[in-house]
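Sharing a structure with you now.
As written, the chains take the letters A, B, C and D, and residue 1 is the first residue of each chain.
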Amino acid sequence: MSIADATLVPIARHSWLTPSRAAGLALLGLLALFALLGPLLVSVDPTEQDFAASLTPPGSDYLLGADHYGRSMLARLAYGAQLSFGMALLTVATAALPGILLGLLAAWRGGLLERALELVSAVLLALPGLLLVLILLAFAPGTFGPLYLGLALTLWIEFYRVTRVTAAGVLKQPHVEATRLLGFKTGYILRNLVLPEIRPILITLAAFAMSTAIIAISTLSAISVGLRPPTPELGAMIVELLPYYAEAPLHVLMPGILIFLLVLGLQLATRSDLR
Amino acid sequence: MQRLVLARLLQAGLVVLVVGILCFVLVRALPGDPAMRIAAGRYGPDANITEAAEQVRRELGLDQPLLVQLGTSLGQLARLDLGHSVVTGLPITKELRIQLGATLWLSGSALVLSLLLGPPIGLLAGLRRGGWVDNASLGGAIVLRSLPPFVLGLLLILIFAMLLGLFPPAGYGTWRDLALPALTLALGLAAVSSRVARDAVAAVVRTPYLAFARLKGLPEPVVVRRHVLRNAAIPVVSYLALQAIYLIEGVVVVETLFGIPGIGHALVHAVIARDVPMVQGTALAMGLLFVVIAAAVDLTCHWLDPRPKRI
Amino acid sequence: MEPPVSRKFVAIAIAMLAMSGMAAAKPLKVVGPWEIAGIDPAQSGFVFSRMQVAETLVSVDTDGKLTAGLATSWSTSEDGLAWRFRLRDGARFHDDSPVTAAVVADTLRKVQGGAGVFSQVPVAGIEPDGQDVVIRLSKPFAALPAYLVNFTTIILAPSSVGSSGKVERIVGSGPYRVKSLTPPLNMQLEVAPAWAGAKPGVAEVDYQAVGQGETRALMAESGEADLVFSMLPVSVERLKRNPNLDVRIATIPRTRMLKVNAASPLFSDVRVRRAISAALDREGTTRVILRNADLAATQLFPKALAGWNDPELPPLKRDLAAAKALLAEAGWTPGADGILQKDGKPFSFTLLTYASWPELPPIATAIQAQLKQVGIDAKVSVGNSSEIPARHKDGTLEMGLVSRLYSIVPDAIGTLRDDYKAGGSDWGATGWSSDELNALVETMAQTSDPAARAPMQKRAIAILQSELPSIPVTWSELAIVANKRVTGLRVDPLEVNYGLASIRWAQ
Amino acid sequence: MNAPVRFQSLTVSGLGISSGDTTIVRDVAFTLAQGRPVTLLGASGSGKSLVAHAIMGSLPAGLVAHGAIKLDDEDLLATSFERTRARWGRTIAILPQEPWLALDPTMRIAGQVGEVHRYLHGRGSAEAQTCMRADLTEVGLGNRTQAYPHELSGGMCQRAAIAVTHAAGACLVIADEPTKGLDAALRDSVVERLRQEVDQGRLLLTITHDIEVAAALGGMIGVMLDGALVEFGPAAEVLERPRHDYARTLIAADPARWAAPALPPPGEAVAAARGLSKRFGERTLFDGLDIAVRRGEIVAIVGPSGCGKTTIGNILLGLVTPDRGEVQRAPDIAQIRFQKLYQDPPAAFAPHQALRQGLGDLLKLHGLPWSQAEASMGRFGLGQELLDRRPNEVSGGELQRFAILRALLLDPVFLFADEATSRLDPVSQKQVFAILVEAVRARGLGLLMVTHEVALAEKLASRILRLPN
């Protein structure tokens, strides 16, 4: 609540690195290591089959067991993590950049430009995202390019909308006017006044977008328009192994667990401390 | 108010135009001989497709120049005639009635379910930030968000259909059939909406007007009911709008898993089979639906929050 | 008085009871993978034929012998140019109109103009003659009756056809009639009053299409469905262990094979095709993916296809050494990256397949790895089923994994005739043909005497086995699961008619 | 409707407030009784609002009050939170500062008053309606019951809040900065209301930094400084003969008691406008208005809030374009030498930025040395330690002085002070204007001040432009 003497109350300058954030970042760090170093350390070819080892349980000579083709789960998980996380990251980056820039532009310029952008985003939003992805995929089935383009095309809108609204709110405040009167230029204002304000919400958004991207990719492989086999992609792995859930539940779970850990890490690391 | 409605109408018009053209152009720009695709879609993978394709080509006039075809297709749209599916031969309107209907039932009940789950939990979490409800719901939300829908669906089937035998694992027709697919979607939605609600409530709780409402002497339940709910509802509602959209097109997997004749499922098949009229019809239906939902949300927000705002 | 809450519980309890009550009286619930794409017989006639809504003139029994359908008997003239089919008397359509020779003739003429297999028959004319339908041919064609088993030739009442000249409703002559039809996934049937034959044991049938194999299995396990068709191999073992279920397996005349473009520089050399065949681990693939090593295709046709399977034929089997040797002979030498090369070009190509059959992509994945072991680099591309014919047509096809059905016409000759004709065909050979084989097939098509055909069949198989225009990988089987609630299940390997009419509720 | 007189007096003794082990407020003691209201004066940050919330029992989390607060003979600090909460509204009510923020923006005021009758006193909806009507009529809002807060003026909101406390029937009313941000007219009406509360037999504790309010309310006056009550006594006495130094400075800081500034004759005009007119929607703010600000003079615009004072200043700065009329700013003078001071100091600074950062960037941008900034910080009585705080961690007075410093670094020729001190306590206000007047005298700055405090304007301005409502 607002108390005039708020300035008296010593502000608990609790550090930016809350326990939950720390845990989240640590988790993300570990996953990153696994995704980056895993493929280097695991010498096994993730596509090499050994029917004799079909569905070997974890332990034994396959550390994490082998899938139905007798391919090393460890190797596939490592490569899969690299691919899936990499793709998600790239997709979100590609969606966020134009989204944020256009959002800032609309909020800053306003007027006709803003209206136009609003319309475009509205129409795009009205166009089923699934349709976009499917159609783009049809140009080069089973490849990453269109998949990622399609997802980015559907994801950028949210970044745009959020950025525009928040930025417009900030730009209306007097301290922006004051700063401009003091002779600062647009660049400085956007960089030092607007960005700090919208950063937290954008980070949260990006975290969600990343999980969305991963799930979306796996979902697409579920309707067999995903990446071409035998590419190890976490979602595709779940889909491939799903029929064997009764015999080898662990195998189905493993890629799922990786995705879960990533989402968990993202959520913890970007958790808003509304306390 | 009128401006708002006008804006929406304009948007609707644009949606129709853009979607109409885009669908045609895109679907036609796709590689591969549409006649072949359609033939395969019609007669299945055992048939003599090359032969069938020639008949399809003649029947649908696919040999005419593209512009002529675009003209005809747009002409039809202008006359609000969606035409017939080139695969099933049924009128698009009928297909939509069946399939969009199914999807609307599904996503509608999913939305209701998620509303029963998400916001209430979010409210509790927001009122006791850092309390066990808050943490538990965060955990739950993360688990649900990180599960691909088809895995979640399968889990639910195993639990509710196999273990407890409460609901059928798949099928379409009765509410019992709808229960599991709806729940699958609802859990995914509630996962997010509960967090949105939680943050909204948390924000409201920290406002001076809530402090005053308490200082007035109102008992906490009244404070929550009369002041927290309405104000926290504003962001949640506008968020749900977006959700509804993603929901309607996100159902495809759930539809295939649970054997529901829905629009997502239909859209996938239509694109694969290059069924332009079907794609157009579906996209249009979804687009307009979006406009309607958006308008509804605008009105709701307007009703919830009387403060003047520029559109 | 009791609080409202507990009253609510009572209400729910009652509702539950009511539901369980309904469960007892519910129709026979049939679940299958196939969707009802549209109601045109050329598209989904097979559903109506299998579900016994519509009949074809000729039908077939479980071991592939032709039996009476709508026609009780048939005969051919001396010159083999005129066939006479006698219609079952008293046969009526569901709209109570009689099944007349005129109606049948009209239907068949229409089918003849369509894209179905029947259009491949050298028909000169079709006329009604009293109770008979007479089909005149331009040249003798012994296999004609077999062609009339195909679902595209189902006979529908005139009232089926709408003003547009398209089929708008299904009015057949079978024991069941359509009660309601909601494409693409639902259809309800009820016993047709017009049916004069033996009364079906189940009054109502409810068909539900479910694409996902896992879900179908679960529906069987949960007892939600009474009859479920085509199980995933993975779930079969589990289902067999379930005491309430009765799992039936039938080998069906369907072979999954590599359709090779023999005209492409990669595969023009027969030794390469043999090498590839020798590189395939058929046992492993079938054991792991199909869960039944007996399905390894040691030759083109499965044993079930009477007369077309030759036990003496040396089986196709894995032999990496031989494969490598053959490739070396053909001039392919390992490159730096382990991929074979020939005058600078690597042995790498796209292995095209499609997801219409869920087992194809996994098999392709397995083959990709097996070929890699002999230094062949195949990129798997999962597309739409039309891409294979399309690329066959424009000659860009390199290799495709296809699933070929030999009972489109119960007599495999029908399929052979089409697949290996000069210039090849959608699912048959590409860039390969053999005059000897074509000659054999034509003569067979005109011979009806099994004894006379046997040697020709042997020879034909031998040619295909040594030339390998398409490389057999696996045979197929059909797994049907019935809940023990029902009895009288009859498994039809040719999938022409599921004999629902003979099913009864178990006491 | 009159509140039943249930309590005779409130006695605060040895009240201290601490956060963790740091003590923020020290042994505060005073008594207020019927007909003898108490007014606590002091700069923002002196702890007076905390005292109010300690009595209310609504201190922010982490703050603990100790000592004794006796309402008649019940010790408010000794009771459980439940009892405290039960007391809210029924026994003690607080008039929130900035009531337009304290009313639910999405609910008509009818609802916000009515709900008190409905849920606090459990009256039937019909009865609650009539009571609500009565309450609002009594505060003169009988015809606006269906209005939303954003449709009401600040004063009306304040009165609506008062109606709420009436509805609750509290007999101890705590007014926390009740006139913050209100213009003179509204302020007087609110004070008038508060007097009536006292006449109706309610106990009244007022927190304010506005000496005139204190004077108007009479009763007892307490002066707080850095969390301690440095002076307490009858209004007249404290205002006439303050004993404590700070009290003295505080009283002396009342604009009415300032000495008029001696300014040299003004120079050429730096900003002028002729025939200005501006309308917002239907309302015409002003039409055909002329104004000129010359070097070394102070021009004041006075008028009630919402009459367009600020708009004129903004037009001269070029932030707003008039509908008609022409504006001339002195040629060949850089745009950055036209500056502005804002009403709410924190609003003029980037909330995330430590002051050092902002200042540093400014100096870098214009190639000025740190030394210059440091020098003037010294002159303006701003400690170096402030530099590492964020705007919301610095008191309003300090921040406003910092804003001036910021502006003066650019050697402005024209400065538009928009209600620059309306939210500051008299002492800070005096300091701020001292600096400004100095700048006007020394550098020939042209100062345009907008205010609703006529006294202030009359004291300082060379020319006054009065706007009607």
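A few comments on the model shown:
The rule is simple: a contact is a pair of C-beta atoms (placed from the backbone, for glycine too) under 8 Å apart; a residue touches a chain by one contact, two chains touch by 3 or more.
Predicted model, so just to flag it, every value in this text is computed and none were measured.
Common neighbours of chain B and chain D under the contact definition above: A.
A summary of chain positions shows that the Cα centroid lying nearest the centre of all protein Cα atoms is that of chain B. For the pair chain C and chain D, the distance between C-alpha centroids works out to 86 Å. Chain centres here are Cα means. That of chain B falls 36 Å from that of chain C.
Here the CA centre of chain A is 21 Å from the CA centre of chain B. One inter-chain figure worth recording: chain A and chain C are separated by 44 Å, centre to centre, where each centre is the mean of the chain's CA atoms. Touching of two or more other chains is recorded for residues 32, 154, 208, 211, 256, 272 of chain B.
Each of the following residues of chain A touches two or more other chains: 1-2, 242, 245.
Multi-chain contact residues, meaning those touching two or more other chains, occur in chain D at positions 58, 98, 101. Counting only pairs that meet the touch rule, the chains in contact are A-B, A-C, A-D, B-C, B-D.
The part of chain C that touches chain B in the complex is made up of residues 19, 37-40, 42-43, 114-117, 119, 166, 182-186, 208-212, 214-215, 218-219, 221-222, 224, 354, 356-357, 384-387, 389-390, 392-393, 403-405, 408, 418, 425-427. Per the touch definition, chain B reaches chain D in the complex via residues 207-209, 211-219, 222, 226-227, 230-231, 234, 304-308.
Touching chain D in their complex are the following residues of chain A: 1-12, 173-175, 177-179, 181-184, 188, 192-193, 196-197.
Chain contact summary for the complex, chain A toward chain C: residues 47-49, 51, 54, 68-70, 141-142, 224, 228-230, 240, 242-247. Partner chain A is touched in their complex by these residues of chain B: 11, 14-15, 18-19, 22-23, 26-27, 30-32, 129-130, 138, 141-143, 145-151, 154, 192, 199, 202-203, 206, 208, 211, 242, 245-246, 248-250, 252-253, 256, 264, 267-268, 271-272, 279, 282-283, 286-288, 290-291, 294.
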